[in-house]
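Both complexes shown next keep subunit A, but they swap its partner, so subunit B is in the first and subunit C is in the second.
Now for the complex of A and B:
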């Protein structure tokens, strides 16, 4: 059972993103107060804010960590149309003694003409690469050719998605069988523009990214998306936060000939679709083995999803945004649990995705 | 505050000073108190508004007909004084509930009458001078449409009203309480649809006129600032940013900055239906709620992120959200004055819902399975806590792998089966896998006959276990023997097949030990020891030893926690007869399906089957694969056996069932099977350790296997299990010498 504890965040405005480092020992948050805070976990498991600084001249939408192999490096993006790369400075200083660390800006990426809505580092095996997307529909991929020099970034690729971009996610697979792949979500509200999730794949021959797939069934605005950690699986799983939670399975079709140079063809399956939030879904996040998915929605709840051995995804728990349990219709608190199927609590929420939802409206207005 | 509504659709107004009171206005005024559900439970007349809250009706006022708009007196006292604008343009002061306040008594029933009768559209109390009440009226020729009344105006001489007459006058004017002289008259030859006082100066009044928005300055009423626009309905000032104003026209909201009033700073995306209400959230800066006709959603515009000057253009970003407080259409809504983001909505049939607009939550999983989320300005760290009752519940594979890494799972290379215990010892597939790997360990080359096996000992790292599927394929020289039940002296008609390969398969299945001895007895005793009575009995039966089977069942029944039903089963077994048409056969074959134990079902299927037709055993999916395979190796002919094993292998591969590793061995087939297993479970740990046992050989070089190994090492890195990763690398380099350079390069 999951138990939530409140942490005094001390941000002066809405927090837009939280991000863990590779080891889960450090965390970064960013806010409309234009700052980023870095948090370190003590041996006793408590979080302490060890740095807080003004990063942008607008709301900071997202913050993300580079793989620790590249040092202690953060990237942030903002409404001020920029993205920035930050590095922690290790050295003898009074700050260190007070438990504070010092972060300096290594670069500002100013190519976007509109709000930069998401920023993500590419998977480690691709080298030190950073991707941004912006409201004008452009995805930019930067590379630091010298990982020791974080102030030099070259713009390697510009992908025009033609739709206002809200989120990006790299396919984390390091398998040589899977070329680099990035999914881009759009929050454009015009339903007639078609698929709001586009998937681009790197082509070794042309050295360019080309569209491999558009998820045409996602026509509503997309607020977030996340590739599942691949963990050596033969297919890819993508979670999409739109008017509901959707989980897609992308199975690469075996290429007939080794020489075919086009993008990989995928067989796209929808594994699950849940409208339990009964409203827009805001964020989705996978655990390290991609066996648990967490989602948040405009119903103010955090939900946990888990697949059983039959690949049937079910809701295994709910907590309200303030960490309190949701009181179910039976009067029993419905706990957040990572455990599978058999518990009595889970069964209460074990409504099958597609047919659920309506009941939940009474359970939690909204 | 003011509002305008048509027909008898209910509107809702929150008390400016009592956070628990609101008024619903339709043809009458109803005052409600809202409280938490716990405190009002079981009381009559309580209306539930949400999971946690309910409302109680405190008072009804039906004295004011033809209501068009209502505004709540902004001062603390008198607390329940309301101004009602009527269809004939009159404004009446009325009250809800009892008030002993003398000022209230004095004001109640007071009426303010315009020169010409026409609809009163809107009312607004001056926030600073609470005696001033602005009323916006429809157009009447060249008359004024904005009247500012002073409610403290003296009555006509006969104004003294006896207390019993404190009742709202009906349509006809009661001269005693009527005021006809407004303090100010504005908006000549025009109509006024909406009004609000500007908080930055008590003498400034913003009005939505017929074709323009106008700001009247009471210090100089001949002057007004105005801008031509159609968006003249529902003017309302942002309580957090006094220069920002919203107004609307049909489906479109315009946002104005009073400092540059020439044009809207922003128009919100047009909605398909006409808007009925637009209101700034009093508890959150820049949050505007809008409602359209015949809709069950409230649309929210988050202008939280005020423009920051970059260059010269500034454009605010707006996050648009829709929330659905209830299933039915919404007639109106009102923000709670102080509770964060909370509102009560009312439906056309007066159903009310208490609703909170939640902040958007961002969240992230850590590599160590804790979940962090941010809601508003707050952070929540959510970690799994195992309570006693949950110990039995299966945990997530991430948690399992982490625990298994710490328990040295996979590292026992001597007693290989023990890895199953290290894994937690509750997964039948892992049990089967590690027993399979255990049994094959001494035979690195199952192709070879037993004599050759000895020779191989010195060179055993060269050949990899290739599975029963390949073993039975290579089977030759199969002999058959007609066997009878051990207690029967008749010539039996059960055909049993023999070959070296089949014996080898039986050994790999764990039924018989090494060496020339083909006795199943040690296996039976080990099953007895583990209390697997039904399975032991079935194995004894398959070896045609019915007496031993009965003995096992008796033993099981008398054991600790034994199941007495086993005796009944034993009794049924003892009645066994070969007679084809016996009652025993007939009953057993029909009743066996009701048995709970798959092994007992299989046992009776065997006893009642025609020779050579053993589907009841072979396809009893809950009987362990190794037992079914051993059975098949004893009773199926070469062609039958080969077909059965192929079919079973494919089934196992498709399902990613680790029991199938017994069949596939550590071959490409085995990697295929493991791929399905990893696809299904994500358990790269088991996959890595298992496939390393296939080294040296092609399997370890399979890119999929390398990928699992890399992913497992990456998990150990993410968990900061540096030591475990080093151990794994050592383990790996021992089994797969070719991995050494790679490991060094990567570490």
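Now for the complex of A and C:
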């Protein structure tokens, strides 16, 4: 069912984020010890740390990989109010032998006046674009016009969301049917402002991002959000980690006139809501095909959620803090027992029996 | 506590300890689901069943009659089952041969997997009998008997032992074997073995003869025969009554074993239940009971008998296990329940995906309208194939499964195939071929771009260039051509000559690339001493503005040896052009390389003079 292995991460303080690269062969971890570590998976499946370096002068909150089309590029953001972009350079041959690689800083983005809480690359079809959000509520979108020169980034958009931001998520869909869309979550504990999740959409005419929707039903602080991969659907699916796990369905409504200039109006439905964690939910993440959602919470467990073919969402697994599954919980698959069924026959016997049957015993006596 | 998904269904997460003052070294746990696909045992199963699956999908409607189709589907079902059995056998033999070498936990895993395969084959076989063969009353029981016999074959082993012993009739397992034969309805074999006993006890000859005649007269339904079911039923009841009479007038009272057998023949429930050990499972009990109480059972009546049998057999001694509920659901002809229960109980989707696909081909599934895929079959196939994709070699099988999922197969494949790690060129080419065959242009472009970027990082310019050509990425091709030219300027030679020489029409992807190709062509012509051609090409590179300005100096320098030749190569007009180019250069740039420019001017002037003279001279 689940097999877990542990890697001693060697960070000197709490780890705040772990990020896989696109192909799942490399991993980056970042920590309050102000450093980022990069791990490579060998052919035998072992993880080795191939780089470790100090990245910021404060806790590093998040780290993320760019699409491999742009090379081996990482971005990190930190409490020290900056975000940085790093590129791996091919080292000397003796470095390679030692299994080490070097990462150099290509740029530091210093526009934020407060702690930068999240950094994400935009979907690759938009070019090489980086987004940050800060505790003062400003979301910044940068672009590197020349993908070969990672030291040149220009600030393309600044969005003031008026609420302290904690997380952002891009809609990964590259379909021309909808414009680029980004969701911003806030962990502001102030209750006067209603919705803690805001959706911004790019407008071709004004060339700006405008707010398209606020999810008013989310009133508690949001710690994480994630758009699901689109799969060619006409609607969007967004998972939100707040005091519980919520999955929203956003259906774009038809624009009345062809020249309608405002952002798309959405009909928002809640597809599922789970409070199994019984505590704050910190992370939500989709698998590649958006068939499984995982969430983690303050109860120290990771839960997996799956929709069956009738579109009913259920929990299909629970993992404890050390990776071991929780046995006997509802929804946990139970392996089939021996072929003997309800009898007490050992499976070995049944096995022997069946095997013997392959050679038909000759009965004709002498 | 946090976590992140990895592409390969891996889940890595970190632990955040509450700051209680104790700061352990934080761990990252890598968790993997569906470890079954990594099992070497099942790999063969996946490969072979993939073969069968593809064959089934490609079954055209050129199979004319419904009957033929039915036969074909049954044949496919048997194929699947034989693959399962082959898998079990191989595992079993591996276990036997290497039993002392393999570690204990490995052995346990093997045994566990084999037992699951056994269960799977049992269920599949039953589904085949009930749903695919869909035998009517009469033959239904015969099929069920076969089913039971196949899965309860330890009798044969025991029988061998008994028969090969010195005195079979005295063997301690003799009666066990005999009773088992009767329970399984193997009448002929029972008669044979009873003969042995009969010959040992001449005194009881009459009793044995009576038993033998009863057994001989037992009617067995022949589906291909002329006898109708009703006729058979009548005959059977008469025989049943005869057996009962024998019991009533204590014909076998002197011989407890024979009496037992007679009670079984009569279908006495209590007697049958006493044979628990020989029956070992409630479904064996069910089939035996049907054989001796109601051989003309109809499919629709099965579920009643099944539930009752299970209750009687288990009798509160043990709770029904998942396997039992699945079999019961099958007897109730509730396909959806079978599939649902199997999905829950089994670790991977192999079984339900293939079985559902097969049943769908029999048009047995009524589709609900689903969100994932348009029906249950597609949902299960997508799940199964997605699971395969995480494996480093089995992912190729998954491609075919996605191909046969009409609604979501393509988009799933697009998402998954992008994530296949491109460790080697060969693997990348494999992935590319799959994408190209399916016109997944964006994925092709992306993969080529990733490979090009990787090659460039490792300074393998030739590889980078060929990948960017394949990606049709003009910008990148320009960049790499620049690098080539820079290299030439510094080193004086080109690397990857083969590639540049054979660019062909790919040259046209970008201007710089065209220049690179043509420039190389110039070098080749020069080497082959085709000076006139070379000269013409060189000039055209500048006049047609194919060459970048920055390179003109180099080109003009290349022209020098041509100018210095004894024979006149550049015509007067051409020389004027060259001079013009030189002037353009010098007016634009500052006074660098003055010596070179002087040299050029001198050479050009000399050439001009010679050219004019040559052209002015009449050929003698």
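Note that the second predicted complex is superposed on the first by the 324 of 366 C-alpha atoms of A that agree within 3 Å, B and C clash if a C-alpha of one lies under 4 Å from a C-alpha of the other, contacts with A are read in each partner's own complex, and residues count from 1 in each chain.
The criterion applied here is as follows: a residue touches a chain if its C-beta (ideal position, glycine included) is under 8 Å from a C-beta of that chain, and two chains touch if they have at least 3 such contacts.
No experiment lies behind these values; they were computed from the predicted model shown.
Asker: Identify the partner contact of A:269: answer first if only subunit B is touched, second if only subunit C is, both if each is, neither if none is.
Answerer: Neither: A:269 stays clear of subunit B and subunit C.
Asker: Counting only touches as set out at the top, which of subunit B and subunit C does A:90 meet: first, second, both, neither?
Answerer: Touch status of A:90: second partner only.
Asker: A:80 in the overlay: touching subunit B, subunit C, both, or neither? Say first, second, both or neither.
Answerer: first
Asker: After lining up the shared chain so the two structures overlap, which partner does A:72 touch, if you call subunit B first and subunit C second: first, second, both or neither?
Answerer: So A:72 only meets subunit C here.
Asker: Quick check on the superposed pair: does A:300 touch subunit B, subunit C, both, or neither? Answer first, second, both or neither.
Answerer: both
Asker: Touch check for A:283: first (subunit B), second (subunit C), both, or neither?
Answerer: Touch partners of A:283: subunit B and subunit C.
Asker: With the two complexes superposed on chain A, say which partner A:232 touches: subunit B (first), subunit C (second), both, or neither.
Answerer: both
Asker: Is A:11 contacted by the first partner subunit B, the second partner subunit C, both or neither?
Answerer: It touches subunit B and subunit C both.
Asker: Per the contact definition in the header, classify A:149: touching subunit B only (first), subunit C only (second), both, or neither.
Answerer: A:149 contacts neither subunit B nor subunit C.
Asker: Indicate the residue numbers of subunit A shared between its subunit B interface and its subunit C interface, in ascending order.
Answerer: On subunit A, the overlap between the subunit B and subunit C contacts is residues 1-9, 11, 13-20, 22-25, 27, 29, 31, 47, 174, 231-232, 282-283, 285-289, 291, 294, 296-298, 300-302, 309, 311, 319, 321-323, 336-340, 342-343, 361, 363-365.
Asker: Give the list of subunit C residues in touch with subunit A in this complex.
Answerer: 1-17, 19, 23, 25-33, 35, 85, 88-89, 92, 111-112, 114-116, 118-120, 122, 149-157, 159-160, 163, 168, 189, 192-193, 196, 280-283, 313-314, 318-324, 327, 344-347, 368, 370-373, 376, 379, 382-383, 386, 408, 411-412, 415-416, 418-422, 442, 446, 449-450, 453-454, 457-459, 479
Asker: Touching residues of subunit B toward subunit A in the complex: what are they?
Answerer: Touch residues, subunit B against subunit A: 50-52, 269, 304-305, 308, 310, 317, 320-327, 353-387, 390, 393-399, 401, 675, 678-682, 684, 687, 703-704, 707-708, 710-711, 714-715, 717-720.
Asker: Given the complex with subunit C, which residues does subunit A contribute to the contact?
Answerer: 1-11, 13-20, 22-25, 27, 29, 31, 47, 68-72, 88, 90, 124, 148, 174, 229, 231-232, 282-283, 285-289, 291, 294, 296-298, 300-302, 307, 309-311, 317, 319, 321-323, 333-345, 347-365
Asker: Show me the residue ranges of subunit A that touch subunit B in the complex, using the header's touch definition.
Answerer: 1-9, 11-20, 22-25, 27, 29, 31-32, 45, 47, 57-59, 79-81, 115, 174-177, 189, 230-235, 278-280, 282-283, 285-292, 294-302, 304, 306, 309, 311, 319, 321-323, 327, 336-340, 342-343, 361, 363-366
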